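What follows is a short report on a single structure.
Which chain is which? They are A, B, C, D, E and F, in the order written, and residues in each are numbered from 1.
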């Protein structure tokens, strides 16, 4: 079967192999570790590279066509977040806080996953729409804002209920409000969004020509940098493997089934909106991915009552590997079909001619 | 007007844009930051690259022609430092310590500014004399040594005056002397000078051929590395914007007017000495630039009574952006004229043929 | 003489020059330093690059030919370790612990030395067998395991002797055993071995084609990265120069003579086993090199009674510079002869045709 | 020569790094004049902290302050943060020279 | 409002970083509930530490614990580590709010 | 088994990193046998420190020493450094095992 072959060939890329290697290194309790300064710098670098690339593409192709996909992505992200919440709260019996935290973690997007997706497409000789970097930036805070708003509403409601029975304290409602606005500020000025948007604008301004002297650093080193980052991601995922047992069967299933559904819906919707084969894969990946770098930073302040071990572990330990190893090739196969190629092999031939 | 166009096109380079981006990121209170280890490493890297490049050039062109420009640069640096002092003390009414600290900050040179200048010339398709890297190295400590010497003289004089009225303590004069010699040692063994001089020598020894296997790291990645460093410089400058209000109108004006004068004098003098178009720009830039990395390290020990907020803020927050955004293109335009090109456009045509 | 010329030309490579520069920087008490995160990352990077390269080579050439050299290397490493011990204990009059610690430091291998060797061969236009990276990985723990085992045996014997005279405590024997097994675990899961073996496997799996997108980071930047690392190695070696006086004449002689003998034996044995000219040099270098990054990490736990100042200082401060500056060219010359080239110059001509 | 030392309190808080901001805000609200912070690793009821993602480190916050403000600050930290965050706090006695600074 | 503080001990160990593991194992063996660690530089009888190779830094380990366990822990560290490792330890008095945590 | 602890002083100095050298020189001059240092961030009378340039961080210096030397050291730091540098110092009581080390 072609999808299996695609999964298998994806499995044998340096990115996936070094991720698996990192997991193994952690499991055998090796002291291997990418120094903190490097692993803190790499996401900034990756986002700058993604942004510059996206900005340059947008300059070449115009961004009028961006509006619809952007709005659809926001709409889907909100819809999915609410859907996640219902499933987690009703079927999963998670408490209010954990449900919203998890719902938004999966409604949000993962920049690292996006990087891996870009590199996967590059391997397949396919390109994607540049404005998807902008969609990535805008989608970052959307799900969090919704979830935080909803959590605060629910908490205020609980509070009001309490107040009616006893003498309420006004202060806490005020605290809730400051919290919300503070968190909104924070998540929009978070470094990921800021560097991504900034780089898109700069990429747009400088164009391919202005990019030329920095292309060796911001383009040619891209895959190598991801590889280094994947070692660390693997190590961290490996260290959490024990925690995965503790997240329970329900959340484990959720962490695999939900991205699959969201991702496939994304690919199909993107195809309908007219995105290219590669663009549809990236659109699906945006919706499928869960946030594990931004999520803790935002949620720990916004919904401190939620257990970070749940949302970090499921996003990083289960969904991330699943997405980059299994779902990415599946979505690629689906996008190949929805874009009217009868088989992946056929496509490959054609792609061969393109590069 | 051509200068304006040049400024405008310079404004749209990745280097300047990422610097401005860093300022904005700091202003909106984003948590964006290049990890310390990286931003500590980048100046070392940039200086190594500058030095190697300069050394290789010197091997190709010989360094007998270096002597005059070197001596003239030292002379001008000393002259300017004394001039700065007079202006700051008399017109600016700064105290002795702040006056000398500021005078030497502007008499000294900025390695980061120098890097940006090299990259600016590269964009314009112009080269500069390799031995200017050696001038950079030698100029680094000169202004500090003068200022420290003068400050100690003045302080000793005050002390003697006091002693004549009361019973003096000999010890403090001794302390002053140790301080001076200690500081001299320190500023000559400072990492910037050491790596720069070392790399010049190594570049000279290995030549283009020996450089070949490391040229990807030390030449091709140069501009990309500056870009990353400029993000951090922008963030730091942005964090200091409030302080700029506090430095006052006089120092703000000083931080713009003085480099302009020094820089233009530098370009003209360099032209007279026979430096190339690009070399004259770099010579001007050396004299125009203020030190903001070496300065605090040296001055905090040498003149602890001076307020670092004054000299760091004006050098990094005002002069540095002004130099790389506005003054650099102006000096380039002037150098074009002093080198007998009737207009910049004409020059561009010719440059096109060279590259 | 050709060997002297070779030494001289090797002396003028960026790698050796930046190492010497680092020593000078430390001696004049400059504050120059590669930030910790960078100098902690570089060995990981170098080992990953070595491993990938080795793995790809092994895929191309098969690894059936690896078995004999591997076993011979292990045998020689063990033999040499015992030999070192006898010399140190009998002739050098070092105590049991210091003798075993030093014996295994010189029986083990140095990954940084190996990197420099690869880059030296590259300069000479010669290649080496890819499986030597695997030999490097396997050789890493061998000498330590032997030395730790022997030390524990000797310590247990001493203990038993004591017990017979007085009432012994059983517990300590248990402690010894746990220590041994703990140390074995640790040294096999040490980051150097893990990243090296992992990268070999990944290199083998992905092959040249899969390596292509990351070759800029993991191949083309290799020499530049070594250069940066050599600055730091030089600084650290320079800081220890004082300690060298304290290690004494005997150990200083040992640190030069022993590697020379081991290395030459290595080159000859490798030639006999049929390794290529370059491969024989690398095989000799493996046996000549002493460990100074892994050694303290392993020995400080395994033989805490041994003085780290002895084994770190001699390995890093004496043997490492000697190996990369003097012995490497000597071994190259010898290998040229053992491979039947009448003179190095002749060889050069031929090599010219190969590249 | 003898230096006179004045008795003040040294409050130390070790907490997950994402909670550092909350602690500093509480200090701010109580007009505490200064503090010193740095990043640490640790182990406690919430397991080992400091290995994984950057956000999972701890921060250590040290505050020299007069006894007067101490219990208010501790009370607010206890009330608002003990339940949700990995956090440990303790108080020691120290002597300082320039009491007017605190 | 007044916060009640309970008296406990703060044990601090500064040692070469490769000995950190040994100290943590000793704490483990004595069922100490938590600790805080970070990397430091220093000078002592064994010279300046922290400049050279990564392995030559120091670690600082801070442990809040009840007085009961203290002398056993100190005794084991003294016995097994004083001879071979660069190491300094000291004990102070601190007050904590949640005594049940330690 | 009971471990005997001897009373000594723990002097802590938090200062701008460029002043660390001065403090260490003072310690040297007074024949202090050792110290432990690390980099910290902080806030005080001179604003927030630790965000900007590398040179604008703080250093924390901890010194275990006998009471005898303490006031001389403090006096020299106060006299030569209080005016010009961002600096805070404080003193606590600790117990040590090997009193001969200090």
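By definition in this document, a residue touches a chain if its C-beta (ideal position, glycine included) is under 8 Å from a C-beta of that chain, and two chains touch if they have at least 3 such contacts.
What you are looking at is a predicted structure, and each value in this text was computed from that prediction instead of being measured.
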{"item": "Intersection of the contact lists for chain D and chain F", "value": "E"}
{"item": "Smallest number of contact steps required from chain A to reach chain E", "value": "2"}
{"item": "Identity of the chain that, by mean CA position, is farthest from chain B", "value": "E"}
{"item": "Between chain B and chain E, centroid-to-centroid distance (C-alpha), Å", "value": "46"}
{"item": "Between chain B and chain D, centroid-to-centroid distance (C-alpha), Å", "value": "41"}
{"item": "Centre-to-centre distance between chain E and chain D (centres being mean Cα positions), rounded to whole Å", "value": "19"}
{"item": "Geometric centre distance via CA averages, chain B-chain A, whole Å", "value": "43"}
{"item": "Where chain B touches two or more other chains, by residue", "value": "35-38, 40, 216"}
{"item": "Junction residues of chain F, two or more chains touched", "value": "38, 92-93"}
{"item": "Listing of all chain pairs that touch each other, if any do", "value": "A-B, A-C, A-D, B-C, B-F, C-E, D-E, D-F, E-F"}
{"item": "Chain C to chain A touching residues, read off their complex", "value": "35-38, 40-41, 44-45, 185, 189-191, 194-195, 198, 201-202, 205-206, 210-211, 213-214, 216-218"}
{"item": "Residue ranges of chain C in contact with chain B within the complex", "value": "12-14, 17-18, 21, 24-25, 28-38, 119, 122-123, 216, 220-221, 223-225, 227-228, 231"}
{"item": "Chain D to chain E touching residues, read off their complex", "value": "12, 14, 38-45, 50, 58, 60, 70-72, 74-75, 78, 82, 88-93"}
{"item": "Of all residues in chain F, those that touch chain E in their complex", "value": "1-3, 5, 8, 10, 33-38, 64, 92-98, 101"}
{"item": "Chain D-touching residues of chain A, taken from the complex the two chains share", "value": "36, 39-40, 236, 239-240, 292-293, 296-297, 300-301, 304-305, 312, 316"}
